[in-house]
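Next up: the structures, one after another.
After this come two complexes, each holding chain A, first together with chain B and then together with chain C.
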Partner chain A sequence: MRRRETFPYFFLLPALVILIFLQVYPISYELFLSVQQKVAGTYQFIGIKNFVDLFSSYLFWHSLKVTIIYSIGSVSIAFIWGFILALLVNEKVKGRIFFRTLLLLPWALPLVTVSLNFRWIFHERVGLANYLLSSILGAEFIPWLSNEIWATVTAIFVNAWKIAPFGMIMILGALQSIPQVLYEAAEIDGATSWYKFIHITLPLSRGAISTVILMEIIWSFCSFTILFLLTEGGPLNATLTLPLYIYRLGFKEGDFGLAASASTVLLLIMSVITIIYLKFIKKVGETL
Partner chain B sequence: MIKKIKIKTLVIYLLLCFFSLIAIGPTLWIFSCALKSGEEIYAYPPSIIPKNPTLENFAKLQKIRVGQGNMVTATSNGLIVALFATFICLTISTLGGYGLSRMRSPLKSRLLFFIFFVQLVPAIVLTIPLYIWFADLGIIDELIGLIVAYQSFLVPISTAFVKDYIDSVPVELEESALVDGCNRFWAFIRISLPLSAPSIASVAIFAFLHAWEEYLLASVLILTPDKRTPPLQLAAFIGEYMIDWGGIMAGAIWVLIPVVLVFLLLQKYFVAGLTAGAVKA
Partner chain C sequence: MVFKPKNLYIIYEYIINEEKMSEEKKEEKIDRRKYIKYVGAGAAVAAAAAIGYGISELTRPPPPTPTTVVTTVPAPTTIVTTAPPPTTVVTTVPTVATTTIVTTPTLPKKKITWWTVVNEGKVVGGKLIGASPDFEKTVLAEFAKQYPNIEVEVTTIPWAELFTKYVTALEAGKGPDVFFIPTTWAAQFIYSNYCLSLEDFKNELDISDFLPSALSAFTAEGKLYGVPMRVDARLLTYNLALFEEKGFDRAPRTWPDEVLEWSRALTKADIGQYGIGIVGRQTDSILYEFWLCWVFTNGGSILSKDQRECVLNSSEAIEALQFYCDLLHKYKVAPPGALDYDKTALRQMFIPGKLGMYSDGKFAIADFAKNPQLRYAFDLIPGTKKVRSGNLLGGWAAVINSKCQNVEEAWKLIKFVSEPKWMATWALSTPARASATSFGGYFDDDASKKNFEQCKYATPLPMHPKLGKIIPIIVQGIGEAVGQKKTPAEALDWITSEVNKLIKA
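And now, the complex of A and B:
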C-alpha cells in the first residue's frame, strides 16, 4: 500500500491553470454570452432569445446541412483513400519507406498553403486541374469553385486529400501489428485474399479504424481554414459550414450573442460525437 | 506463378506512383508557379516548367509598403510567437505529463478525460471569448496574446503525449534517486526528463510548427499589418478585387520551408507528434 502522494498535483498545476484560463473560462464565457444581448454597450440577459433566433434562421440550418454533407463526404473519401494507401505501403516492395514519406507529405503541410494552392489549381480558366483534365481526357472546363455543387465537391476533395495520410499512418500501424501466422493459417485453409481481408484485416484493426473515423469527423466538422481560404463559404453560401457561419455572425456582423449560441450548438454536437466514440471504444475493447 | 507475382508488384508500383504524384504534385506546382513572371502565370495553357524563371515574386515578399506589412516583419513575428509558444508549452507539458503519469489517485481518470475532451474543443468556439477577453486585458493585436492563446490547444495535446511516453519510464529509477537524497523535482529533471527526450523532441516540433502555421486565432487576435504572422501575410495577397497569385506562390514557399525541412530531416519525431492525437481545426 502506497501512501497517497501529493507531488503529482504540483507538477500538473501549471497545465491545469492554463486549461482553466484558456479552455474552461472561455467556454463558460461563451455559454454566458449565448444568453446575452449587447444593448448600448452593455450586455443584458435575454434568456433563450438567441437560440430562438438561431433556430428560426434559414442560414443556421443551411450551414448545419452543409457541415454534415461536407463531413460525411470528406470522411468517407479520406477513410477509403487512407486505407488503400495503408494497404499499399504495407506491401513488402522495395522503396516503400520512400513512398510512405511522399504519401505522408499532405498531412504535414500548413493549411494556409494547401488551401491557397488548391484555389489556384482549381482556377476555372487557367488552373492546372482544368488544363490536365481537358488535355488528357478531353473534358470540358469544370467550374470548380464557382458552381455550388462543384465547390462542395472541390472542398471535400481538398479536405480529404489533407487528412487521408493520417488514416494511412494509423491503419498502417494496426496492419503491422496483426500476427502474420493468422494469414498463413488462412492460406493453408485455402482462403482468398478477399476472405482474409474481411475476416482478419478488418476486425483486427477495428480500434485504429474507429479512432481514424472519429478524428476525421471532428476535424471536418470544425474545419475552418480550408473553406475560409478556398471558397470563403461561397458561392451563394454553398460551402458555408457551421464554423464559417459562427465566424461571420461574430466578426462580420458583430453579433457575439448569436455567434455564441451557434458555438454552443457546435460544442454540444462535438460532445455527443465524443461520448458516442468513447462508448464505442469501450465496447470494442470488451469484445476483443 | 512467378508471372502472377510480377504483375502484382507492377500494379502496386503503378498505384504507389499514382498516389504519390497526387500527394506531392500540388506542392511541386507551387514551386513552378512561384518562378513564373506575372504574365506567364496567367497564361493558358499553363507551362509545367517555367519558361523564363524569375525571382520577381520573391522580391514582392520583402517589399516594404506602409500599412500593408511585408513577409520579413511577418517572419520575425512568426518566429517570436512560435519560439516562445514552444518554450512555454514544453515547460508546462513536460511537468504536467510527468505529474499525470505518476498520479495514483481516483481523480486521475477524470483528469485524463478532461485533457482528452479539451483537445476536441473546436478553435472557432474559443475565438469569440478570447477576442473579447484579450481586448479587455489589452493584449489584443499583441504577439504575446497569440503566444498565450496558442497554449489552449498546444498544452492539452502535448501533456497527453508526454504522459504516454513517461508511462514507459520505470518509477524504480526515480525511487533509487530519491533514496540517494534527491528531491522529487531533481529526480524528475535528472532521471525522467532525459529518458523521455524523444517525446520532448516530438512535442517541440509539433508546437513550433502549429504555432508557425496557425491561421484562425491569428486572424482574429491580430489587427494591424505590422503584427501579422506569415500565414496572415500570405492570405493578405488576396485583395478585395484581385488576387496576386505570383506573390501567394512565393509566400507559400516561404511558409513551407521550415515545415518541409523538419518533415524530411526529423521525420520520426515529426510523425510521432502528428499522430499523437494532434487535433487541428
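And now, the complex of A and C:
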C-alpha cells in the first residue's frame, strides 16, 4: 500500500522539477537577497535593515499607492468594457466572428509594440490623439503624458485596453453556457431584459466574473512593460508603480538587496490576493 | 484506446501487480476519490506555477526583441595546421550567416563571448558604415585571420534592453567576456566589480592617442577599466529654414541673452512652433540636457573636487537651472509638456519644423536622413561670455568581465577592435582616439567637426562608488523643478542635501 501511496507522485515529477527551477529557486534567491547588502562587490547579511529602509522610504509608500490606484482603475474599466463587449458579441449579429477577432486583437498584440505606439499617439504636440481632438472638435491640446493626473488616466486606459479582451472571452464563454431555456422561461413569466440580466446572466456567470476580476488585479499589480515604455514612472513619479520602483532600485541604482525586499512585500501582497482567489473559486465551485 | 488521464492510473496499477490487475481495477472504481485527490494535487501545482509566473514577471527583465547572434570561426583560407597528423576536415554549412570549420585540434581553441549594442551605423558619402551586424561580422572575419585559435561569439543587443540584459547576467556572475558600456554606467559597473582592471594591459596601447577625458570616464582610483571606443557630445541642433526665415545666419553662442533672443524670435505659439526644446522626462538622459551644460559653463559642478560633497546648490548652478526652467514657464518659448519629453520626443517636433533648436547629437543624423525636406545644422552648446561651451561627456568603451576565464584572448579582441580602422568604422559620432578621426574620410563632415570641438569642452560624470544612487536623485530633483513642484533653488538644495546624506552614510 505504501508503494501505491507514493508512486503517483512520480507523475508529478516533471511539473515539480520545472516548478523548482523556475519558481522555487528564483523566489528563494529573492528572499535570500532581501536580507543582504552588496558591499564592495560581495553580499553581506544585514538582517531586516532593507525592510526598515524600505518602509521608511517615501517612494515605496507612494509607489504602493500608485499601484493600488492603477490596478483598481484598470480593472474597473477593463472589466466593464470586457463585459459590455461580451454581451455585444454574444448577440446573433452579422459578422460576429469578425468582430470577435477584431476585439481580441489588443490581447494578441505584443506589449512593447502597443506601449510604444501609444506613447507616440499621446505625444502632446505631434501625437495623433491631440491632432484628432483639435482638428475635429477644436479642443485644446491635452497633456496626456506630461500631467500627473492625465498620465495616470492614460496609463490606466492603455492597460485596460490591453487586458479587456481577456474578460470578454471569459465572460462570453460563461454567457454561452447559460441554457437558453432559462431566458425563455423568464420571458414567459414576463421578465424584462434588465431583470433577466440581474437574475439569470449575472448569477450564472459569477465564476467567470470572479476569475476575470482577480486575474486582472494580479496582472495590473505586476504590470511592468506598459508603464516602463509609456511613462517610465513619470511624470514626477505619478505612474511609478511598485514593479517599476523595484526595477529602479535593482537595475538603475544597483541595490538588489533593497529591490529584493520590495519584491518580497509584493510577493506577500500577491499571495494574499491569490489565497482569496483560491478560496473564492472553491466557494463558487461548491455552490454551482 | 483513447488516452484519458484515468488511464495513467490503470498503467500504474499494472506496474504494481500485473496478476492483481482485475481485482485492482475493481478497487480503482471504488477508490476514485483518491484518484481525484492526485489529480487535484497536480492541478494545485499547475495553479501555483501559473500564479508564480505572474510574480516572476517582476524579477524577469522586459521581453527581449530578437537579437542578432553571429558566430564566426576561422575562414577556410586561414587554417594552418601545424601538428602532425595534418588531417583537416572542413565542413561548410550552406547558409549565408554561419560557416563552421572543424579542424583536428592543433591547439585547443578558446571561445570568448562579446556583447555589444546594436549600432545603426552612419552614412558617409552615401554609404552606410559601421552598422550591426555587418560590422561585427567584418571585424571578426579579420580577427579570425589573425587569431585562428580564438573563437568569438558576438551578440548585438538593442539599446533599450542593453542595461537590463547586462546587469541580469553580470549580477548572476555570468555574462560575456567582452562587452561595450556607455560612460553613464561606468561607475556603477566598475564599483559593482563587473569589470576587470586593464592596468596590466594598457601599456600595449598608445594611450596618448586617446582623448584624456574619455580615458578618465573609465578610470577609477587610478586604474583603467575600459578602452574608450567612441565619444559623444550633445550639440545645439537647429532648423536652418526657421533660422533663415528670421534672418539668423548663426546659432546663439551665449546664454541667457542670445539663447533667449533667438528662442523668442523663433516662437510662434499660435501655430505650435517653439524656439527651444526643454526636457523634463525623468530619465538619466536629463543629465545631458542644456541645464547641466550651463551649470558647467557657469563654473558649477555636481560634486566637489575631492568628491566628498555635492555642490549642486551653488549660485552658478541655481542660475543655470533657473534660466532653463524660465524658458519653459516664464518666457514660454519651449513647447509645453516638457515632463514627457526626452530628446527623442523633441526630435519628433524638430523634424516637422515645430522646433527651432534643441539639444541632440550627431547620432540623430540617421533619423534626419529619412526626412530629406529637413534642413538642419549643428553648433556648440551655448556657453557664457567667458566659456564658449560645456557639456557632459558621453561615449562607449570596451571592457572585460571580471569573471572572464580567458582574459588574454578577451584582451586581444579589445585591442583588435580598438585599432584605428575598426574604431573609426564603429564610432557613430567621434572615435575616442585621434588617429582614428582621420580614417577614410569618415569624419570630414561638418557635424563630425562640431562634435570634435564640442568634446573638448566635455566633462565626464564623477567616478563615485555611489553614482548609481546619486543619478536618480538628480533626475528626480530636476524633474520637479521643470514640473514646478519646487523652485530651481529648492530643487537643487534638495538634491544637494539628499546626495550629501548618501555620500556620508
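Side notes on the structure shown:
Keep in mind that, in the parts below, the second predicted complex is superposed on the first by the 274 of 288 C-alpha atoms of A that agree within 3 Å, B and C clash if a C-alpha of one lies under 4 Å from a C-alpha of the other, contacts with A are read in each partner's own complex, and residues count from 1 in each chain.
Here is the rule we use: a residue touches a chain if its C-beta (ideal position, glycine included) is under 8 Å from a C-beta of that chain, and two chains touch if they have at least 3 such contacts.
The structure displayed is predicted, hence computed values, not measured ones.
Following the overlay on chain A, a clash is recorded for the pair chain B and chain C. When both complexes are overlaid on chain A, the residue A:Gln44 reaches neither chain B nor chain C. Once the two structures are superposed, chain B and chain C can be ranked by residues of chain A touched, with B on top.
In the superposition on chain A, A:Ser135 contacts chain B only, with no contact to chain C. Once the two complexes are overlaid on the shared chain, A:Pro165 sits against chain B while remaining clear of chain C. Once the two complexes are laid over each other on the shared chain, residue contacts for A:Glu253 go to chain C alone; chain B is not touched.
Using the contact criterion defined above for the overlaid structures, shared-chain residue A:Arg125 touches chain B and also reaches chain C. Legend: residue contacts after superposition of the two complexes on their common chain; A:Phe224 is shown touching both chain B and chain C.
When the two complexes are overlaid on their common chain A, residue A:Leu104 makes contact with chain B while staying clear of chain C. Of the two partner chains, chain C is the only one that A:Gly233 touches; chain B does not reach it. Of the two partner chains, chain C is the only one touched by A:Ser146; chain B is not. Comparing the two complexes, residues 4, 7-8, 11-12, 15-16, 18-19, 22-23, 26-27, 30, 110-112, 120, 125-126, 218-219, 222, 224-225, 228, 243, 246, 250-251, 256, 263, 266-267, 270, 274 of chain A contact chain B in one case and chain C in the other. On chain A, the positions that touch chain C within their shared complex are 3-4, 7-8, 11-12, 15-16, 18-19, 22-23, 26-27, 30, 38, 40-42, 110-112, 120, 123-126, 141, 143-147, 151, 218-219, 222, 224-225, 228, 231-237, 243, 246, 248, 250-256, 263, 266-267, 270, 274, 278. Across the complex, chain A is touched by residues 8-9, 12, 15-16, 38, 41-42, 45-49, 51-59, 62-63, 65, 163-164, 167, 171, 188, 191-193, 272, 280-284, 335-341, 345, 348-349, 352, 354, 468-469, 471-472, 476, 479-480, 483, 485 of chain C. Only residues 9, 12-13, 15-16, 19-20, 22-24, 26-27, 29-30, 33, 42-46, 91-93, 95-96, 98-100, 102-105, 111, 114-115, 117-118, 120-133, 148-149, 151-152, 155-156, 159, 184, 188, 209, 212-213, 215-216, 220, 231, 234-235, 238, 245, 248-249, 252, 255-256, 259-260, 263-264, 267, 270-271, 274-275, 277, 279-281 of chain B touch chain A when the two sit together in their complex.
Within the complex, the chain A residues that touch chain B are 2, 4-5, 7-16, 18-19, 22-23, 25-27, 29-30, 33, 84-85, 88-89, 91, 93, 96, 99, 101-114, 116-118, 120-121, 125-128, 131, 135, 161, 165-166, 169-170, 215, 218-219, 221-225, 228-229, 243, 246-247, 250-251, 256, 259-260, 263, 266-267, 270-271, 274.
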